[in-house]
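In the two complexes below, subunit A is the common chain; its partner is subunit B in one and subunit C in the other.
Entry: the complex of A and B
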C-alpha cells in the first residue's frame, strides 16, 4: 500500500504550493491578481514541460496552441450567446471547443513537424505560429484582424456580477485546476511506459529507435498532451479573464520564450521544476516592476543568466542532486 | 547524517516561508497612505512593445501633475487644496502584469483613479478589475470604439476614438471643395486600421461623398502596386488610408511611381512623422495626416473664450517645458504625452466639480464635463467615449509640418489641391499663396 502511495509523493509539494498560493490569494488583500499571474506562469511551464522537458524538442510555435484555445472559447461565447438555456454551460462548450481545436492543430502540426529534428523542428514550429496568425488575418477568419471582443456577451449570458466574478476570480481558479491536472498527467507519464520511452528518445533518439521504441508515436502523445493543456490555458487565462482576442496578441512568440525560460529555470523534465520556475519568474518580474519600474529587464536578465550558469539542470536539478538518497528524494522529481 | 538532512529541510522551509512573508509584508508596508493626497495609479508601459508611447505618457502625466501642484496650487476639494501624487509601475506592455499591478494599485497603494496602460488590448485587460472594484478607469491609449460598447461603467476616454481619425480631414475638404465627390479608402488590415476605415466610410457617406474604392492591405506589405493600380482606375478625388510608417511611405512612393494624382492624400500614423518627409522629400509635399495632437497647435485661453468653454491647464509652451523636465531629455512631446497629460486635467476638473473622490461621483462629473486645454476639447458621451476632441490635420508645406485643421488649432491654411507628382518632381512645393 505504502509503495503504491509513494508513487504520488511528488505531487505533495506541487499541490502544497498551489494550495498555499490559493489561500494567500484569497486571504491577503490585493494578492489575488499576483497569485493569478503566478498560476498562469506555473501552468504554462507545466504544460510546456510535458513536451520540451520530456522529449528535449523545442517548440517555438507553442503559443499557437494557446491562441487557438483562446479562439475556441471566444467562438463558443460569441456564436452561442443567443442560446439562453446554455447559461454557464457555454463555458463548458468553450473548453470543449478549445480542446478540440488545439488537438486538431497539434495532430496536423505533429504529423508533419515531428518528422524533423533540432533546429529544423524549431523553425517549422515558428512557421506554424506565424502562418496561422496571417491566415486568420488575411483570410478574415473569425473576424480577421479586428478580432473578437465579447465582454458584453459574457455579461448578457451570466449577468454582470457573475461575469465580474468569472473574469476576476473563477478564470484564475480554472487555471489552477489546469495546472494541477498537468502535474498529475506529467507524473503519470513519468511513471508509465510513455515516460520511459520519452526519456529514452530524449537521451538518444536513434538508440531508442534501434531498441524498438516507436519514437514518433510517443513524441506525438507528448506533443498533443502538451498542446491540449496550452489550449485550455488560453481558453481560461486569455479568453475568460480577458474577454477579447486580437490575433497579434494571442500569437505573440514572447509567451513561448517565457515558457522556455520557466522550464529551464526550474528544471526541464522534472515535475516540480516548472512550478519553481514559474514562481521565481513571476515573483521576480512583479517585484522588479514595482520597485525599479522600467529597469526590471536589465536586472532580470543577469539574474537568469546567473541561475542558469550556477544550476544548469535548473533549480530542481540542483535540489535533486542535493537530496538524493534521502527521504526528501521521494518528493522531489 | 539524518539530523543534517533535517536541518537542510527546515532551512529550505524557512527560506520559502520567509519569501512568502516578504511578499505579504511588502503589501502591508505599502498600504500606509496619506489622506491629504490624491493618488493617480498607472500600470505604465515603460518596457516592451509600447515602451516608446509609454515613456511619453508617463512624461505627459508627470508634466501636468507638476503644473497642477506647483502652478494651479493643488486640487480644490472640500475647502482645501490637495496635491496630486503619481504612483506608477512598469507593466512591460504585458497583459498578465497589467491586472496584477492594477490590483496592487487599488488595494495596496489605495489610489483614487487608475490610468489605463497603452493600447486597446491592455486597456481591455484591466477593465474587469477596475469594474469589479468600482474604480474610475481613464483611458488615454485605447482607441477602439468597441471598448465603449461593452457596458463598462467606469471607463472614460481621452484619446479620440479610432473611428474619428479621418473625420476632420473629410470635414475640411467638404468646406474647401464642396464639389469633391469621389473618395478612395485603402487601409492596413489591422484592428486599428479597419476601425479607422469604418469611421471614414460612415463620415464620408454622411457628408455626401461617394466611396469609389475600399480595400485593405496586409501588414508588412512590400508592394502596393496592384492595389494602387486598381485605386487609380476608380479616379478618386481624395485618398485616405495607411496603417504604420513603413506602409505609409510605401503608399506615397508608389502613388508617385504610378503617377496617381488626387486633390488630397491623407495617411494615418505615417504622414505626421518627420521621418516621413526625410524618406520622401518633395514627394511628401501636400500630403496630410491626422494626429491627436501636434506641437504647434493653437489651442489657448482665447480660443476657449471664443468657443464659450472653460480652459484648464498649462499653455502649450508650459506643458513642453514641464515635459522636458519630467523626462530629463530635450525632446518635444508627441500626442501620447499630450493625451495622457490632458487626462490629468480632466480628472482634476471632475474631482473639483464633484467635490469628492468617490469614483461614482467623479464619473458622473466627467459625464457633464466640457473643457479646452492645450490638447484641445474634451467631452464624453454617456458610454465614456470621447466625442469632444477633434483630431488635428497636419500637412507638409515646403518641408514644414503645418497644422491645417481644425480652424481653432491651425497654424496655416491647407494647400488644396495637392500638387501633382510630376510637378513635385520638378521642385514644386505646397505653399498656399
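Entry: the complex of A and C
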C-alpha cells in the first residue's frame, strides 16, 4: 500500500503550491491578478513540458494550439448564444469545441511533422502559428482579421453578474484545474509505459526503435496530450478572461518563447520543474514589467542561453542532485 | 492585361527570388557543415537591414557600400556566438542547439529594439528606374538581384577552387575522414558558422531595397519561415540548392499573389504568407531531403 502511495508523493508539492497560490490570491487584496498570471504560466509550462520535456522535440508553433482553443471557445459562444436554455452549459460546449479543434490541429500537424526527426520536426512546426494566422486573415475564416468579439453574448446568456464572476474569477480557477490535471497526467505518463518509452526515445531514438518500441505512437500520444492542454488553456485563460479573439494576438510567437523559458528554467521532463519555472518567470516578469517595462525578453534570452550551455537540467536538476538519497527525494521528480 | 500583369509580377518575383536565395545560403551552409538549424535566422537578416539603415541615415553611405561592413559585422557576430555557446553544444542533443539559436534570435531582436525602438523605419535611396516592357523596376532592386547572384557565384568559386573551400566540403562529407587527412575540423566549424552568419547579414542589406519602410526589430520572423521553405526546397544542406530554391520561391510567391488577387473575398497578401507555410509542410511530406536534391 505504501509503495503505491509513494508513487504519488511528487504531486504533493505541486498541489501545495497551487492551493497556496489560490488562498493567497483569494485572501490578500490586490493579489489575484498576479496569482492568475502565475497560474497561467504554471499551466502553460506543465502543458508544454508533456511534449518538449518528455520527448526532447521542440514545437516552435505551440501557441497555435492555444490560439485554436481560444477560437473554439469563441465560436461556441458566438454561434450558440441564441439558444437561451443552454446557460452555463455553453462554457462546457466551448471547452469541448476547444478540445476538439486542438486535437484535430495536432493530428494534422503531427501527421506531417512527427514522421520527421529532430531538426526537421522543428522546421515543420516553425510556421504553424503564422500559417494559421494568415489563413484565418487571408481567407476571412471566422470573421478574418476583424476577429470575434463576444462580450455581449456572454452577458446575455449568463446574466451580467455571473459573466463578471466568470471573467474575473472562475476563468482563473479553471486554469488552476487545468494545471492540476496536467500535473496528474504528467505523473501518470512518467510512471507508465508511455514515460519509459519516451525516455528511451529521448535518449536514443534509433536504439529505442531497435528495441521494438513504437516511437511514433508515443510521440503522437505526447504531442496530442500537450496540444489539448494548450487548447484548454487558451479557452479558459484567453477566451473567457478577455471575451474577444484577434488572430495576431492569439498566434503571437511570444507565448511559445515563454513556454520554452519556463520549461527549461525549471528543468525539462520533470514534474515540479514547470511549476518552479512558471513561478520564477511569472514573478520576475511581473516585477520587471513594473520597473523596466518592455525588456523582459532582453533579460530572459541570455538566461536561456546560459541555462542550456551551463545548466541543461534546470533548477530541478540541481535540486535533485542536492537532495539525492534523502527523504525529500521522493517528492522531487 | 492580366497576362501582362502576371509576367510583370513573375519578373519581379525572379528579382526578389535571387535575394531570397542568397538570404537562405547562410542557413544551408551552417546546416550542411555543422548540422545545426539556425532557428534565429531571420534576426540576422534584420541586423543587416538595420546596419544599412543606420549607415545610410547617419552617414549617407550608399547601401551597396554597406555590404562589406555588414559582412564583417556578421562574421564577428557569428564567431562570438560560436565560441560563446555553439562550440560547447557540438555533441549536445539537437534540442540544445535549436533552443540556443532561437535565443540568439530573440536576443538580437531585443538588443536592436533597445537601441532603435520598435517602430517601422525605412530609408530612401533613389537611383532611377529601369523599364523592362512588362514592368518597371527600380535600379536599387536590380543591384540587389545582381549583387546576390554575384555573392552566390563567389561562394561557388570559393568552394570549388580554394583549399579552404575544399576542406570545408570534406568536413561536410565526412568530418572524421577530414580530421584524419589533417583538416582543422574545429576551425572549419567556427569559420563556416561565421561565414553563414556573415552571408545572412549581407542578405539583410540586399532585402532593404525591397522593403522601403518595412525595417523593424521583429521583421525577421517572416523571413525565417521563408528561408526554411527555400532551404527545404533546395535540400537544406546545399547553399546552391538554396539559391535556386530562392528563385523558385520568388516566382511562386509573386505568381500566387496575382492569382489570389483574382479570387473575391480573399486577402492576397495574407494568403501568400499562408502559402509559404503550406508549401513547407507539403515539401516535408513528399520529400524531406529537398525537391532539388539528388539523394
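We adopt the following convention: the second predicted complex is superposed on the first by the 312 of 333 C-alpha atoms of A that agree within 3 Å, B and C clash if a C-alpha of one lies under 4 Å from a C-alpha of the other, contacts with A are read in each partner's own complex, and residues count from 1 in each chain.
We take it that contacts are C-beta pairs under 8 Å (C-beta built on N, C-alpha and C of every residue); 3 or more make two chains touch, one makes a residue touch a chain.
Note that this is a predicted model, so its numbers are computed, not measured.
K.L.:
Answer with first, second, both or neither: which of subunit B and subunit C does A:134 touch in the superposed model?
P.N.:
both
K.L.:
First (subunit B), second (subunit C), both or neither: which does A:34 touch?
P.N.:
A:34 sits against subunit B, while subunit C stays out of touch.
K.L.:
With the two complexes superposed on chain A, say which partner A:297 touches: subunit B (first), subunit C (second), both, or neither.
P.N.:
both
K.L.:
Give one of first, second, both or neither to describe whether A:327 is in contact with subunit B, with subunit C, with both, or with none.
P.N.:
A:327: touches subunit B, not subunit C.
K.L.:
Taking the superposition as given, does A:309 touch the first partner, subunit B, the second, subunit C, both, or neither?
P.N.:
Only subunit C is touched by A:309; subunit B is not.
K.L.:
What is the contact status of A:317 with respect to subunit B (first) and subunit C (second): first, second, both, or neither?
P.N.:
So A:317 meets neither subunit B nor subunit C here.
K.L.:
Let me test your reading of the model: by the given contact rule, A:244 touches which partner, first (subunit B), second (subunit C), both or neither?
P.N.:
The first partner, subunit B, only.
K.L.:
Considering only the touch criterion stated at the top, classify A:144 as touching first (subunit B), second (subunit C), both, or neither.
P.N.:
both
K.L.:
Can you give me the overlap between the subunit B contact set and the subunit C contact set on subunit A?
P.N.:
Common to the two interfaces on subunit A: residues 134, 137-138, 144-145, 294, 297.
K.L.:
Subunit C touches which residues of subunit A in the complex?
P.N.:
Interface residues on the subunit A side: 52, 56-58, 60, 112-113, 116, 118-120, 122-124, 126-128, 130-131, 134-135, 137-140, 144-145, 202, 253, 257, 260, 264, 268, 294-295, 297-298, 300-302, 304-305, 308-309, 312.
K.L.:
Taking the touch rule as given, give the residues of subunit A at its contact with subunit B in the complex, in rising order.
P.N.:
Residues in contact with subunit B: 20, 24, 28-34, 36-37, 40-41, 134, 137-138, 144-147, 149, 151-152, 155, 160, 164-165, 167-168, 238, 241-244, 246, 249, 254, 283, 285-287, 289-290, 293-294, 296-297, 322-323, 326-328.
K.L.:
Name, in rising order, each residue of subunit C that touches subunit A in their complex.
P.N.:
Answer in residue numbers: 31, 35, 37, 39, 84-85, 88-89, 92-96, 98-100, 102-104, 106-107, 109-111, 113-114, 221-222, 224-225, 228, 232, 260, 265-271, 273-274, 276-278, 280-281, 284-285, 288.
K.L.:
Which residues of subunit B touch subunit A in the complex?
P.N.:
5, 8-9, 19-20, 23-24, 26-27, 44, 46-47, 88-92, 94-97, 99-104, 106-108, 120-121, 124-125, 127-129, 131-132, 144, 146-147, 149-152, 189-191, 193-195, 218-219
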